[in-house]
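For reference, chains read A, B and C in written order, and residue numbers begin at 1 within each chain.
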Amino acid sequence: MGELQNFSKGILKENPVFIMVLGICPALAVTTSLINAIGMGIATTFVLIFSNLVISVMKNLIPDKIRTIIFVFITAVFVTIADLLMKSIFPEINKALGIYIPLIVVNSIILSRTEILANKNKIIPTFFDSLGMGIGFTLALMIMGSIREILGNGSICNYVFVGENTRTILVFILPPGAFIVYAYMIALLKKSLNNNAQ
Amino acid sequence: MTRIASSLKINILSFSLISLVMLAVLWLVYFATKEFIKNAKNNAELEKIKSVLPAFDNNPLDSAKTFDELVFYTAKKGDSIIGFACKTFTERGFNGKFSLMVGFLPNGTIYKTIILEQNETPGFGSRMKSKWHEQFNGKDPAKYNLTVKKDGGDVDAISSATISSRAYCDAIETAYLSLMKNILKKADTVTTSEPSETNNTVELKKDSNIIKKDSVVAAPMPAKPAIFQFSDKSIFNDAIPAFDNDPLKDFKSVNGLDIYIGKKNGVITGYAITSFSNKGYGGKVIILVGFNADGSINNTSLVQHNETQGLGSQVGGPDFKDQFKGKNPALFKLQIKAEGGDVDAVSGATFSSRAFCDALQKAYYAFLKAKK
Amino acid sequence: MDLFKIIFLAIFVNNVALTQFLGIRTMLGESNNIASSLRMGGIIMFLLILVNFVNYFILKYFLIPLQIQFFQLIIFILLIILISQIIEFLFRKTNSKLFKKFTDYFSKITTSSIVLGVCLLTFKNNIAFNLIQNLIYTISATAGYTLVLLVMTGITDHLELTRTPEGMKGIPISLITIGLLSLAFMGLTGIIK
């Protein structure tokens, strides 16, 4: 598979959030504001790329029976590194994301990508695939984040653009809104991709 | 190179090797970022302090003091104190605990307040973040009643977010009380007393041990009691613990209230304060509170009131006022339970109970200011 | 904190599935079988009680005294995998068919966000809970999750019989249902001050 295709499939055709429906937890939890969504997306992409690279490099040193533990271990180390880096550079975002940064470890995107890909392929394809998946994830989160923030808070990137007393559609900021926006995005994207395929 | 075969020895070896390498990398990153993380935290805190106080040039984080889980930072410009920033919190939020930073000027007035962490309902309680909290700027809690208007105070609550608004006030009040108690131990001040507004023809309750108002009272020096004039020091026998001076002579005026000091062998044993509230059902209510030297309430009594006989007047009865005996207002919140406080109101007499608490509250503030 | 308050808050007000979005994937993929949902909930509770119990001591006597809290995540996840492997091994060893049924779930839940998530939530403020509160919270949180799981199992059954638009079939309609459940549970906030 050409590298470009490898990269681009993660963004649209096999978008992890909307098409493959992985990584549900952060997609719902973190998209209350655009900035949080971007932060989470970048952190996940970082962990995805680096842990996949390391595993791809070391894949011949990892015996089959203990591969799950080792994959998870390596991912956990990189998540902790990402957490520490975030705490030092963007402490506000880190606080806003809360427990969802450690939960990147069990993000299905990383686990499935590692299992399917890094375990078997060489470094370059792994890198492009991970990059594509990461960017696809970030974009998906950004879309959900902006919808929820604009409708639910009347702001974008914490900059409020509606008047002081305007009533915004609060439900979008709250948990039910997350589920509803997510459901509609999945339905929309699946439908449009199906239409394109036919 | 094909994958390594799996056997117990190789598994353990491989795992240990890989984990050691990864942990080494992690440790490196940890040490590299340790300083940055600490700096980032300190800078964030400093930013918050800057936003609640006027310009200062020291680093308040160097002089942080903690009293009862509240952290106080002193801000200075050169050698003069610009103000105090207090990191306070309340557990009474709608969704639990939230914290704020309050900036106090050296005389106890609130400069600005800002929310630190909150979990309140978006759109309702979370509106504490917006312009709503600016109403506290510049207010002096000694005169500005830190309760929502619904509870008889001066604060405009957020519509449909009364609990969050109350909790916000609670947090500021905790900070103020702690500030007064621990940091601003004021010397005796003689403030101008308010003109008395008592109704000369009010009938006094039989069981309040007070002399009728229109008897002649010797006015003690240096200032005259503004609220009520007692004629005999035996009034204070119940209020202040054992004293051997004449509290009527050892008197001062603070915040417009009359404070009488009881001493034994020259050591202060307690303070009796005449306080009042205009929020009674029938108008003005005057009480006499006795504080022990440690701040706990020794006794209270109803001096003058216009409440409904048999109903509101019961605030003068033992069932109601005995609950204050021995309580320290720093811990025992002087508001009725229906409004988030600790006081059992007289059933059917909420207004009168509130008024009593309001007067008690005022007395406590005056007490804090008065005691050295 | 009052024990009853912890239980009520964990099950209804801050339900781990409906407000913290944990374990949604497992909920969407569940079979339409009350018994299997109960088994899933039961095994999650059992695993979490053991894990949190061990974690409490590790955190209290090892991580905090040495000030290496950043290690928390690695230790948690390794413990989860380790303990689940041990339990799975023990269950397989017994000849009981009942226990063997449980072993199917281990692979699903070990790397599900529900287990690690409840773990992190329990120790969110380092050791805010003492040991008893810790156990009570764990049990209540997983009970809340099982409750939602059961409700969804029942609803999914009906959803298959209703006419849904083509694009909404399957995951989207389930997500919307969970969203409505979440909305319903939001009505319970503010009962306990």
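Definition applied: a residue touches a chain if its C-beta (ideal position, glycine included) is under 8 Å from a C-beta of that chain, and two chains touch if they have at least 3 such contacts.
Owing to the predicted nature of the structure, the values given are computational and were not obtained by experimental measurement.
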| item | value |
| --- | --- |
| Relative to chain B, chain with the most remote C-alpha centre | A |
| Higher-contact pair (C-beta pairs counted), A-B versus B-C | A-B |
| Distance between chain centroids, defined by C-alpha means - chain A, chain C (Å) | 22 |
| Whole-Å gap between the CA centroids of chain A and chain B | 46 |
| Rounded Å distance, chain B centre to chain C centre (Cα mean) | 41 |
| Overlap residues in chain C, where contacts from two or more other chains coincide | 70, 74 |
| Where chain A touches two or more other chains, by residue | 69, 73, 77, 80, 84, 174 |
| Per-residue overlap in chain B, given as positions that touch at least 2 other chains | 26, 30 |
| Chain B contact footprint on chain C (complex, rising order) | 70, 74, 189-190, 193 |
| Residue ranges of chain B in contact with chain A within the complex | 1-7, 10-11, 14-15, 17-19, 22-23, 25-26, 29-30, 33, 36-37, 39-41, 44, 122-123, 130-131 |
| Chain C-touching residues of chain B, taken from the complex the two chains share | 26, 30, 92, 94-95, 121, 163 |
| Residues on chain C engaged by chain A in the complex (per definition of touch) | 18-22, 24-25, 28, 70-74, 76-78, 81, 111-113, 116-117, 120-121, 124, 165-168, 171-173, 175-176, 178-180, 182-183, 186 |
| Footprint of chain C on chain A - complex, ascending | 21-22, 24-25, 28-29, 68-69, 72-73, 76-77, 79-80, 83-84, 98-99, 102-103, 105-108, 111, 171, 174-180, 182-184, 186-188, 190-191 |
